[in-house]
Each structure stands twice: as C-alpha cells, then as structure tokens.
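Letters A, B, C and D name the chains as they come in the text, with residue numbers starting at 1 for each one.
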Amino acid sequence: MGELLWLIPALPFAGALLLVLFGNRISRALVSAIGVGSVGISAAVTLVLGIEYLTSRPAFIRQEVWQWFDVAGFSPAIAFHLDALSIVFIFVITFVGFLIHIYSTEYMAEDKDYARFFACMNLFVGSMLVLVMADNLLLLYLGWEGVGLCSYLLIGFWYKEPANGYAARKAFIITRVGDTAMAIGLFMLFQTFGTLHIQSISMEAAQVWTIGNETAVIIAFLLLGGAVGKSGQLPLQTWLPDAMAGPTPVSALIHAATMVTAGVYLIARMHVVFELAPAAMMAVAVIGAITLLIAGFAALTQYDIKRVLAYSTISQVGYMFLALGVGAWSAGVFHFMIHGFFKALLFLCAGAIILALHHEQDMRKMGGLSKKLPVVFYTFLIGAASLAAFPLVSAGFYSKDQILWLQLAGENGNIWLYLAGLLGAFITSIYTFRMVFLTFYGEEKTHVGHKPTMAITVPLIILAVLSFAGGFIELPHNFGHVVLFSDFLAPILPAVSVVPDFTQYEWMLQLLAAVISLGGIFIAYLFYYKKPELIESIHRSELAMAIHRFWHSGWGFDQLYDTLFVRPYVYLSRVNKSDFIDSIYTFIANSTQGVHQLFSTTQTGVMRNYVAGIVVGAIMIITISLLL
Amino acid sequence: MSAIPMETGLLLAGVLFMLGLISVMIRRNIIFMLISVEIMLNAAGLAFIVAGSHWAQPDGQIMFIFILTMAAAEVSVGLALILQIHHQLKTLNSDAANFMKG
Amino acid sequence: MELTFYIAAAVAVLATIMVITRYNMIHALLYLVVSFLAVAVVFLTMGAPFMAALEVIVYAGAIVVLIIFVIMMLSLTREDVEQEKAWLQPKLWMGPALLSFVLLAELVYLLVIAEMPAAPAAGSYVDAKAVGLALYGPYVLSVQLSGILLMAGIVGAYHLGRQKKKVIHRFLQEKEPQKERSAAI
Amino acid sequence: MILVWLIVILMAGGVLAWISGKVNRALSRWIALASVLAVFGMTLYLWLSNPIPAPGSAWLIQFNQPWIPQWGISISLALDGLSLILLLLTFFLGLLSVLISWREIQSKVAFFHFNLLWVLAGITGVFLTMDLFLFYFFWEVMLIPMYFLIGIWGHENRRYAAFKFFLFTQASGLLMLLAILGLYFIHGNQTGLYTFSYFELLNTTLAPEAARLLMFGFLAAFLVKLPVVPFHSWLPDAHSQAPTAGSVILAGLLLKTGAYGLLRFVLPLFPTATVEFAPWAMLLGVVGILYGAMLAFSQTDLKRLVAYTSVSHMGFVILGVFSFNEWALQGVVMQMITHGLSTGALFIIAGFLYERLHTRDIRQMGGFWSTAPKMGIIALVFVMASLGLPGLGNFIAEFLTLVGSWQANNWLTVFATIGIVLATIYSLRIMQKIFLEEYKLKQTLPDLNAREMLIAIPMVVLIFWLGLYPQPFLDTTRPSVQEQLQAYTGSDKEREPIARAEESTEELSSEKAEDAKPASTLQISKSPNPLISKSSNLKP
C-alpha cells in the first residue's frame, strides 16, 4: 500500500495542471469534479494509508520518487516520508481541504474565474502536502514556497482591486522574509551534516552537538524565523489579517489546513534541533505567549468578522508555539488539529454569512441571524465554543487545557507563560462571543439573501461534529485519561516530562481555566448583548478610544514596518531610479564631450588663425628649448 | 665669395620668411595668402642655399630644387582650389570658406 | 661681391615689404617678381648660379605667370582692391607682426649663440655639375618622388579646376553657399 | 570537425541569408531558421549520444589546426560538458530569436538575420575556442553584429544604447587583449614556446604581482560583460533599446560569455590571485544582487526592469564563481542556463506586449490577465522563476550557489539571501502592474497566438524540467566543473563539511546500489524504534 504515497500530493497537482491547461474549455461541473475530486481521492488515499499505518505501526514509510539532483554529495530526492506526525497533518490537510473544496463549489459558483480558483486551491493543497510529507528539508522548502505562491495567488484572487494585490504581495513578501532566514538555516544544516535529509539530521544532531551548542542555537533560531513567517507570529504576523482579501474558503484553507500551520509543523519536525537549543525553545514559547496576547487584544477591537477570525488564528497558533516552546510537542500538534477543525468551521460559517449578506463583512451591520441561518448559527456556536474552550463539551477545551497545564507542570514551564496563556484564554472567549452576539443576536440589520444549500451545510456539520468530538481522543489524566493522540505521536515526538508535584493540583487548574472561559463568555454577554450601553460608556473615554485604535490597527505593526522598511526602501529605490552609477559614466562621457567642444571652438575655419597657432606653437617650442 | 658670413644669409632668409608669415596672417584674400606662402617657401629655399654654400656642398641646392618642385605643384593645386572657391563662393575671402568650423 | 649681396638683400626685403602691403594684386605680383630676382642675385653671390637661374625661370617666371593667369581669369575689379583695403586694417597688423618679430628675434638669438664652425677653406662655389651628380646619385629616389608629386599636382589641379556644375565638392555641398557668403561679408 | 561545422554553418547561413534577402525577404528568415535548426540538431545529437570524456580529462571533442604557426596561433576548438550545455542554450535561444523576429522585424530583414547568425557564431566560437587569440577574435565577432542589432533595429534611443554597449565591452575587451598578450609573452619568456594555446598557458607559473595584473585584465572584460555593479550601466540601456531578439540574446547568451570566461579562464589560469581577490569579488556580487534588485523595483520601463533583474541575478554568478567549490560552480552553471531561459522569456513577453501596445511603460498596462490569461500564466511561471520559486530551474541554481558560497563566506551569503526577498518584491510588481488590477485599455488585448505559444511552451517545459530534474544537465557539466576547480580542491578537501559530504555520498550511493529497482524506492520501516530503524535504512 505504501506505493500509493506519492499519489497523495500528486493528485492535487495533477488536478491543478489539468485545470490550468483545460480549465477554460470545460464545463463548470467538470471543473468542480476535477478540483474537488482530486483532493477527495487524495483524502481517500490518506485514509487508506492511515489505516494501513495504524494497523501495521511501522516507524515510517518512505518512498523515493526520483533523485532530484546530486551535486558533490548534496543529493536531495523527491521522496515522501510518512510517519505519525505527517499523518496527522496530511489528514487535516486533505480532509479539511476536501470539505473546503466542496464548500467552494457553492461559494464560488458565481465567479467567472471558477477554474482558476480551483486550480490554485488544488495547487495550495498539493504544496502543503509536499511540505508535510517531504523527506528532506529542500523538498520541504519547495512545498513551503509553493504554499507562499498559492497564498499570493489566492489572496489576490480578485485581482482587479489593487488592495487585494497589495495584501497578496504583502503575504508573499513577508513570508519570504521568514523563508530567507530558514534558507540560511538550511545552509548551516547542510554545512554541519552534509545533507538535508530530515531523518539523518535528527539522528546525528544529538551526536554532533551538545545541548546549547552555538550552531544549534543559531540554526534553531533561523528555522524559527521561517516558522514565524509562515505561521503569522510576532514579528512577521502583519500579513495574516490582510490576507482576508481573498475569498473566504481561501481564508479557511490558509488558516485551518495549510500555510499557517506550516511553522508548527516545521518546529515539531525539527524538534531534535530545537531540543538542543534551549534558548530557541524559550524564544518559541515567548513569541507564542506575546503573540497570543497581542493578537487577542487586536481581535477584541475588530469589526470585520474575518479579521476577528484572522487575529484569533494568530492567537491560537501562538498557543501552539507556546506548547512547542515548552517541549509539549504532542499538545501543540493536538491543538493544531482541533484548531484546524474549528477554525475551518468558523471561517466557512463566516463565509456563509458573508454570502448571505451580499459580501458584507462588517459585524456592526450584522445581527439577528440566528433565526435566518439556523444551521450556520448552531455550527458557528459549536466552533465558537471550541475556540473559547467552553468547558467539558468542546474539543478546544481539552487541547487548550493541556497546553496551559503543561506550562506549569512541564519541566520547562514557567508561571509567566502560564499566566499569559490564561489571560489569552480569557480574551479569546470574550472576542469569540462578542462575535457570536454581534452576528447572531440583536435585530437584523442587513437583508439575508443567499440561503446556504447542501454544499455549504454538509461541510459545516461535519466540521462541527469534529470540533465537538475531536477532543475526546485525548483527555487529561484525572479526567478519563485518554491518550490516543499522544500515544500515536509518541514514536516521533517525545512526551514532555511532568514535574510530579503538580499533578495533584491539576483539577484546580482545570477549574480555573473553565472559570476563565465562562467568565469571558459572561463578559461578552454583558457587554454585547445585555447592556450595550457599557460599551458606549467605554467608547466615550478618550484613553480607551486611543487604545482601541491602537489595537484595531494590530498594535501599529503595519505602520512601524511601513516607516522602518517599506518607505525607506521605496524612497531609496525611487530616488535612485535612474541609477546614480550610470550618472558617473554619463559624467565621464559629458566631460569628454565638453572638452571636445572646448577644443572644437579653436577650429574656427579661419586659416589665418591656424597660421597664428602654428607660429605661437613654434615660438613656444623654441622658447622652451632655449630655456632648457 | 665666402666673405659673406652665413649669419647674414640666414638672417635675410629669416626676415623674408617673417614677412611672408605676417602676410599670411593678415591677409584675407586667398590669392595673397598663396603669394605669401610662396615668399616663405622661397625664404626657406634661400636658407638651404646659404647653408649649402657655407659648406660648399650640393645638398643645399638639391633641397632648393625639391622646394621649387613642391612650390610648383602647390601653386598649381592651390590655384585650382582658388578657382573652385571663387566659383562656389563668388569671393576670394578665405574666411568664407570656413565649413570645417567646429 | 659683398656689396652686391647686401644691395640684393636690401632690395629683396624692401620688395617683399611692398608685396605684403599692396592692395592691388598685380602690383603685389610685380614686386614679388622683383623680390625673386633679388633673391636670385643673392644666390649668385652665394655661388649657386644654377639655382639663380632656376629661381628666375620657375619662381619669377612660371609661378608668377600662373598666378597672373588666374587673376586674369577671375577678372578682378576695382572693388576688389577697395575690399582689400578694407580688410587690411592697421590694427590687424599688430598681432601677427609682433608674433613674427618674436619669432625672428628668437631666430637671431639662435644664430648669435650658435657656434659657427669654420667654413671649409675651399671656395663655396658649387656648380651645376656637382648638383646634377648629387641629384641623380644619392638623391635619385627623392627625384622620383618629386616626379610623383608633380604628377599629383597636375592631376589634382586638373580635377579641382574643372568647372562642371555637377562636380561640386562634397564639403561645399552640405550648406547653402549663399548664406555663408553673405554672413562672411 | 563537427565543432568547425557549427561555426561555419552559422557564418555561412548568415551570409546566405543576407544574399538571399535580395531575392525574397521571407527566404532569409527560412535560411536563418534552417541553419540554427541544423546546429541545434547537431548539438542535441551530441548531447543525447552522451559522449564519454577521455579518462583523466573533461574534453569530449577536440579540433586542432595551426593557423599562424610562427606566432603560435592555432584554430583550436574543444568541447566539454560545460560548453556543450551552453551551446545547447545558445542554439535554443537562437531558434527562439529567429522565431520571435518573424513578425517584429520588417525592415532590412536579410541584414538582420545575417547579424543574428553572426552573433550566434561569435558566441559559439567563444564557447568553443581553446586558443586565446581566437577567443579574442570571437569575442569581437559577437560584439559588432550585436552593435548593429541594437543600433539598427532598436527602439527610440538605440544609437545611444548601441554606442554605450560597444564602448563598455570594447574598452574592457582591450584590457583583456593586453592581459592575453601579457600572458603570451610571459609564457614565451619562461619556456621559449610562444603560443596562445589555452592548454599550454595553463602551465604558466606567474609571479604574484604579474598574476594579479593579468587577472584584472581578464576580469575587466568578463565583469563588464557579466555585468557586475558598478560596470553594469550599459546593460539596462542596451536591453531596453534592443529588439526582442537582441534582448534575448544579450540577456540569455552574451552575459553568459562573461560567466563562462570567469569559469574557463580566470579560475584555472590564476589560482592564487583569484583566491586573494575572492572576498572582493563576492562582495561585488552581493552588491550587485541587492543593488540590481533595488533598481529593478522602481523601473517603469518593463525591459529596463527585467534588465536590472539580470544585474541582480548575475550577482549570484560571481558570488558562486568565487566560492571555489563544486556546489557553487554547478549552481553558477545552472544559473547561466536558467537565467538565460527565464530572463529570455520575460524579454519575449515584453516583446509580445510591445508588439501589441507599442509601449514598454508598465504604468500604461494593467489587468491583462482578464483578456490574455495564457500570457498571464506564462508570465507568472517566469516571474516566479525569476524570484527563485522552488520547482523551477532558478531555485536550483540559486540554492546551490548559496549553499556553496555559504561554505566560503557566511555573511555575504546572508546578504545574498536577502536579495531573494528583494527579488520577490520586484517580481511581484511585474505581475501586479501588468496582469493584475483594473483593465485600462480601450481595445482588447489579443492573447498569444499559435506561433507565440510555440515559442513559450518549450521554455515553460524546460524551466520546469530544470527545476524538477536537473540531473542530466548537472551530470554533463560535472567533469568540466571539477576540472576548472582542480587548482582549488587541494585546499578545499581539508574542510570539514566536504569530507562529510563525501561520506554521505558513499552512503547514498551504496543505498542506491541496493535500491536499483524503482519498486524498491519504497521503504517501510518495521522497527518500532525509530532510531534503530533509521540507521538500518541509511546503512543497510
């Protein structure tokens, strides 16, 4: 069965190729069939391989398709590698991707570039699959950049609007900044190990480096740079909110299944290197903590429903980084999976709402939709509950709780990180339910047009079920103690060692987390449903409004980068448009010409002058010869 | 015969040459310029003769013959040019023929 | 002999001065003939009778006649003399004259400081035979070159002297001659 | 002898095309096409027949015929993997140049094709000759027809551009001539054998001071041709003013002769002097990468923009050449090929647009995707190639170069890598301004026709091939690259990573030997312990 491995990424690529070549000449039905079908078959193959893997439990399956190139021992292959970690990612990518594709058939039905949309989506899924299945870092880099390209194409999908193009370029360029760091990391890895084969590096790293080795730390930081770029973490998070310019299924795909989680994957995949670099680990955790707070506060102030979700993604990925940073690998990946489900769900719901409200994204113009769009409402509620970590019944509770718990109990844990996480959870539940109340309650402000049909509702329901039930495969020790997920990942990702003293307090912390979550929901209820005048009173305060504006702009990062990098670069480039080096040569040419003109004035055409010149010359020569 | 010092002969050549030179520089009439050039050539020839006579060698005279030849050729070509210029420009003003002006 | 030399020299200089100050071309040419004849006398005193003869024949004869022919062909009028007068302003004289005098002064200085080697004792008379022997002996190549030069002179004069309308020299074709002329005058 | 034929066919074809123009204009196009096809076919046949170099040397075919024996000048041609690949590129782009000129060139058609073929012949000669005198001769042969191509069929400012191009290359070429003569005399004084033969001159021992001076002579020509900042300023003018075919040949081939010269002459002839100069050269490369990218960003003339991207990309070449290791050099060779294709393609697209719009100003373009999606897709592919997207040829080139240069100099490599970000910025601007945003024109822009697709499709296929399976090209050039590095490998071997790399080669090759059948490329590790299973997989 393992021979089918290559089919998983190949199918979406094939779909994309077909759509690029023939997309404009075939019917929409056929386009959908190719677009959805290729990802669907890919998902089916994943399922088959997953079952195969679960039953036989090999350490990994590797398939080399062909040798990419081989230069003086640098010989990466186009080879795919399947192990527990990649299965989780492939599973999320293909299944969630498949659902999003189905959803898109309705969402994009009216668009005239239907084939282009599906071609890009297929390419996106394919690149992401290459990324997570790559056997070596160079192939991973191929997927990594491919994902960047597809995000560019899809964010700028409605290309007629210059703002969309700007957002698309911003996404590509900012992630490319991270990629550059990562590329340098790859050079260093290659210099140290003579290969970019992930398994070989993981195996040899511990022998080559001791813990805290300087090279290892630098490499880990560089890889972190790449991860931060793709995952929208501080300081490269600014592209993600703008990436909402694309169609909503694209946002769902970027945030839930692909791209954003690539950074998490990279860190988890290269965990051996990170474990040897405690400083980088700490940095991962701190970046995660700061990002989740900043993004959470920013989400509180957004009015565009998709921007709220975008900031919530940044924040949730921050949780994953937090988990990875303390060595809680499987907790991070678990949260990735759950987040994949509920974030896809939330985006798709948001998409359904936007479609229903004639592409209205401002939450202030929504309201009272719970009656009009019941399926969307209930599924959205489940997703929101999961995002806000509603105790006991939502999957998000279990995944997030595990992360918070390990901040304290894990050996690399830290009380400040824990508090940050806790505060983040509080804010998360506030902004999540702010969204719910603003959108679904209150009076109806915009007329509901398009009612979602099967192609939208079925994916929503499936995702809702997953966001609800997905958490039960991994339950805390004191509460069911189901460890299916971490067991599954155990051969790849070492478990975090827990400080035993803390175990007895675990239930207290869980209770605290539950209270925090419920408290957040209550505050949202109070401010946005029960007593809206409270909000208005806050809005009257000058200071609060200043903070509001600051948070609304994403903590001013855009302006900062604008002043620090963009404008100087553009200015320098514009100023030097005609190339000052050229003017050096022009100067040489002009001065030659000037001298030439100077001398050519002596050529008067008057013969007497020439004779006089000769005489003067003769006198000079004779005088000089006399004097010497 | 050799009583005449060479300096005197050369001085005469120099004075004649100088007079021709002045004339070339002040004249605009192209025929006058040609005449002045002849004077200068003649002066140069004189200098050769003086030197040849001083050393009692035929070389000076031979040089004079060459100068003579050259002067003849020069005058013929020069006069043809003058005719042409007069024909084209209807003037003998050498300043008018300044097409080579830079 | 010496006296002859000095008189001839004085005549030559004076005649040349007259040449360069005349406004009328024919007058100037006549003085030029005088000058050439005086120089021929100088040649005689220098012991070069053959050269004196050549000077008379070629310079005073052929060349001057040639120039006179051309002047006649151009059929100059009194206006041209007036024109010449107008062109020869005294202030124009100053600069060139100064330059030439400087040159002359340097020449004289050079002559004075030069250490004149003593002339050979033998008389400086060089007859035509010696010249002819040298000419067709060591200098035969130069004689041939002179022949070529004369040939080129003849061909050039013929080519340039033709007055066909079509053969306007390309340097002269470029611009409108009328304009140039009026601007020059 | 086949090598002589390559040059002779092109030259004769050129003369024939010129003469035949008197009879019929179309005839000269066909003659040009036929002669380029002939040489392309011959080279392709050479490549596919996979000639094996004689043991101990990298040379595949050699031809030697004394020309002026008393001065030691001979018609000495030799082909190795490097020349072979570059010839393939030359004739491929030559073929495209003839095709793209089919409609674009309507005046003095016959003379145009004469010049085109003679430029190609000159380039072929440069890639083949192993006699320095002949090399200089061909160096000039390719210069003059190019001057005419720009000066006669160029755009509005063509005279200026042609003069600039000529002066820059000629002045630097003369310095090279001086250096060649210097080498000739030094060698002659030492051995008594006055010869221009490359193989003989390789054995010259040079005093350090002399080596440095001579190296700068050669460098002058090659760096100007490459071009390296600050000698690049002829390039934007020449590129933007040349007709499309001229730009393609300039960018695709003429610049490569500079890189080729560095590889073929500067590295082996002056091993010590180049090592001394290497950090500066690499610095120049990095400056070029960043500076070119920055200037490309603000250009409004499409061809000028692409020209500055060439400056940026050629920075990688010099960076790689002066890293003195196989990765970097293979990267440089790849860069030469892929840059020839990708930039050539961008110029061709600019040519297509110019034919339709009669402007190169990107401010007047926009939204063309909606009417010309095929062109958009092709442009997208090459824009992505130009920014180094993995999977396309340029990525392999840039990555290998940077991997190699990292071994030589860390910080410069870091800055060079930043150049990739800048490449993204200018590349995306091309897409944005031309194909995206609102459609502004009154008339509809026609999409690519069959002839234009015929030009574009092979390039797309090639750039993907180079990106996904470049091994055939790398294998062909490997022996010659190693040969050029011979003088340096001694010191390189001592370095740690390379020793490691060699170890892993052995491992991998032994692995390959076992997994000879394609079916066995699949590994399923059964062991529950990953560490053991991994090691068992890698060392069977």
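Assume a residue touches a chain if its C-beta (ideal position, glycine included) is under 8 Å from a C-beta of that chain, and two chains touch if they have at least 3 such contacts.
Quantities reported herein were computed from a predicted structural model and do not represent experimental measurements.
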item	value
Pair of chains joined by more contacts [C-beta pairs], A-C or A-B	A-B
Chain with minimal offset from the mean of all protein Cα atoms	D
Rounded Å distance, subunit A centre to subunit C centre (Cα mean)	97
Mean-CA-position distance for subunit D and subunit B (Å)	65
CA centroid of subunit A to CA centroid of subunit D, Å	36
Residues within subunit D bordering two or more other chains	none
Contacts with two or more other chains, residues of subunit B listed in rising order	21, 25-28, 95, 98-100
Where subunit C touches two or more other chains, by residue	95-96, 99-100, 103
All chain pairs that touch each other	A-B, A-C, A-D, B-C
Interfacial residue positions of subunit A with respect to subunit D in the complex	2-3, 5, 20, 24, 56-75, 78-79, 83, 116, 138, 141-142, 144-146, 149, 152, 156, 159-162, 165, 168-169, 172-173, 176-177, 179-180, 183-184, 186-188, 190-195, 199-200, 202-203, 491-492, 569-570, 572-574, 576-577, 579, 581-582, 584-585
Contacting residues of subunit C [partner subunit A, same complex]	95-96, 99-100, 102-103, 106, 109-110
Footprint of subunit B on subunit A - complex, ascending	597, 599-608, 611-612, 615
Footprint of subunit C on subunit A - complex, ascending	608, 612, 615-616, 618-619, 622-623, 626
List of subunit C residues in touch with subunit B within their complex	1-2, 5, 9, 12-13, 16-17, 19-20, 25, 28-29, 32, 35-36, 39, 42-43, 45-48, 50-51, 54-55, 58-59, 62-63, 66-67, 70-71, 73-74, 80, 83-84, 87-88, 92-93, 95-97, 99-101, 103-104, 107-108, 111-112, 116, 119-120, 122-126, 130-131, 133-135, 139, 142, 146, 149-150, 152-154, 156-161, 163, 168-169, 171-172, 174-175, 177, 180-181, 184-185
